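By letter and in written order, the chains are A, B and C; residue numbering begins at 1 in each of them.
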Amino acid sequence: MSIEIQDVHKAFGSLEVVKGVTMTVEKGEVVSIIGGSGSGKSTLLMCINGLEPINSGRILVDGTDVHGRGTDLNKLRRKIGIVFQQWNAFPHLTVLENVMLAPRKVLGKSKAEAEAIAVEKLARVGLSEKIKVYPSKLSGGQQQRMAIARALAMSPDYMLFDEVTSALDPQLVGEVLDTMRLLSSEGMTMIVVTHEIAFAREVSNRVAFFHKGRIHEIGPPAQVIGNPREPETIDFLKSVL
Amino acid sequence: MNYTFHWLPAFRALPEMLWGALVTLEIAVLSMVLGVLFAVLLAVGASSQYRIFRAAAVSWVELARNTPALFQIYMAYFGLGSLGIHLDSFVALLAGITFNNAGYLAETFRGGLRAVPQTQVRAARSLGMGQIQAFRLVVMPQMFRIVFYPLTNQMVWAILMTSLGVIVGLNNDLTGVTQEYNVRSFRTFEYFALAAVIYYLLAKFVTVSARLMAWRLFRY
Amino acid sequence: MFSSLFETSFSANDLMFMLKGAGVTLMLTFWAVLGGTLLGVVFGVIRAISPWWVNAPLGAVLDVFRSIPLLIQLVVANSFKTIVGIHWSPFTVGCVVLALYMSAYCTEIVRSGFLAVPTTTRRAARSLGLSWRQDLTEIVFPIALRVALPSWIGLTLGVMKDTAMVWWIGVVELLRSSQVIVTRIQEPLFVLSIAGLIYFLMSFPIARLGARLEKRWREND
């Protein structure tokens, strides 16, 4: 059980954004991806759950080729949750309905089942009091936690996080990171793109430093963050710390 | 001013005028239902990969928006006659207004579709929804809210446009009934002032019920 | 059947007659837009700055013009004119009714243009030392114009198309003149197509211009 990324290349038109990335994330692992703006981190996450096609290479999720011909992407995406930088709440649904929607319509659960799941997931992210309100009434941090609950409601095996705190006010960052900490302590497999270096260091089993579409350095946080070898990594860490 | 108003005959005509108002409402509602259907086809056609569908959709929209509604109704009534298609005045009026509605609503729908951010589709797809599911469950409800107000506006327009039926000989809608009484008695001002009041109430009825509906539907 | 489409009895004189009708359409449009815009600006500014007890009744009255078919408004005004003994030509009645009709819509356009200028922007302007008048001419007016102009163009075209209804009270404009010819030569499709083409040529270029302006201004925001 793992996500295997094998020599993946991805271009938008003539602009190559991911230039040959290889990495494996084992079940139960937390891998953080750090790196400068525009280095291709978000694009890689999109490729992992098939929201973006790739130009060459392979991505295997539990052995299934994500971009293979016969792959049922809708089915595959059920086991990969993703949370975006912009929270993307569905504005026309209440918090509870936001979380219930996919279990009902994609997994075909009954209303009662879906509601039970949603209530449980919302409790886990600390939003029990807010289940009847519309997302527009929530703060950014609450919306982001709702987005996490929405992804968790599909009982995914993997969670991808794309800079989930970088659009938040500083005082709201903590509550979202706490939620992610909780998940990692429960053994969720996660790939976390983040600018929060301290957080990456604390929760990750491994950290990958992304630069211009390539992984420049990957290893335990103590090594990549605590004792970087590559000059680009050192420069990047200097600029964010 | 040596004119004495005679309101009594006008009020005697009221029941029949109210029946006329019902016909007016009927035409307006039908033209909206048909207009929405054609508008969806036009919006789809405008982004089709086939040139003739695009050309047909664009011509329809531009013609509807750049010629008078009365012209469009005329075309349906007199113009199509030259091609051997003879519509009675009710159908011609309905066709003309539908043509007009569809042209304006197609643009409304296109705008509404563009106003729903692409990131919403992405979020829906990432939860495992298919393309159609994502559209139906996430894009459509949001789009509906955006087009709701323009849609009710168009409905009011449709009611106002039905009054043009009298020009192609329709005699059982509100304006038609009013005109029938008018030519019999020449109390033009009284009859048409009363018709004006009824039209006003019809228009208000539509806008007020739309507002109530919006209040019930869009809680967010 | 096809030969009848090409062998038409439509003559150059007929075309001249229709172009004259188009001239009447343009004159009606001109006066209606002039009057409607002036009134609309006045009412719009009043609605934007006045207290509710002025704003609400004014809004309600103008709403009447938007809730009654123009055709009915024309007939009522025309018969009212006869009753009170004003000797206006149908053309004048048409201009006046169309102007009032336009002002009702124009008021809302002006008002929302006016309200589109954020108070913070105005406060910033005043804090830079601009006078009340400079604030209006340099800040409020240009911003309001940007918001209002595309809708105003759309409204003008709408009024141009609505002038077609004045033939009911006896003005021979473009549509009526084509109807006269249709009655004589019995070729409705052909004659109406020409009328449609003339309307289209009067409307379409300006509609495109409006759409372009709107797009350009939106992109700069």
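We adopt the following convention: a contact is a pair of C-beta atoms (placed from the backbone, for glycine too) under 8 Å apart; a residue touches a chain by one contact, two chains touch by 3 or more.
Being a predicted model, the structure only gives us computed values, none of them experimental.
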Touch-based graph of the chains, sorted into line, ring, star, complete or other: line
Chain whose mean Cα position lies farthest from chain A: C
Chain at the geometric heart of the assembly (C-alpha centres): B
Between chain B and chain A, distance of the C-alpha-averaged centres to the nearest whole Å: 47
Geometric centre distance via CA averages, chain C-chain A, whole Å: 54
Between chain C and chain B, distance of the C-alpha-averaged centres to the nearest whole Å: 20
Chain B contact footprint on chain C (complex, rising order): 64, 66-73, 75-76, 78-80, 83-85, 157, 161-165, 168, 175, 179, 182, 187-190, 192-193, 195-196, 199-200, 203-204, 207
Chain A-facing residues of chain B, complex: 119-120, 122-130, 133, 137-138, 141-142, 145, 218-220
Partner chain B, residues of chain A touching it in the complex: 49, 51, 74-75, 77-78, 81-82, 84, 86, 88, 90-93, 101-102, 105-107, 134-136, 147, 150-151, 154
Chain B residues within the chain C interface of the complex: 1, 3, 62-63, 65-71, 74-75, 78-83, 156, 159-164, 166-167, 175, 188-189, 192-193, 195-196, 199-200, 203-204
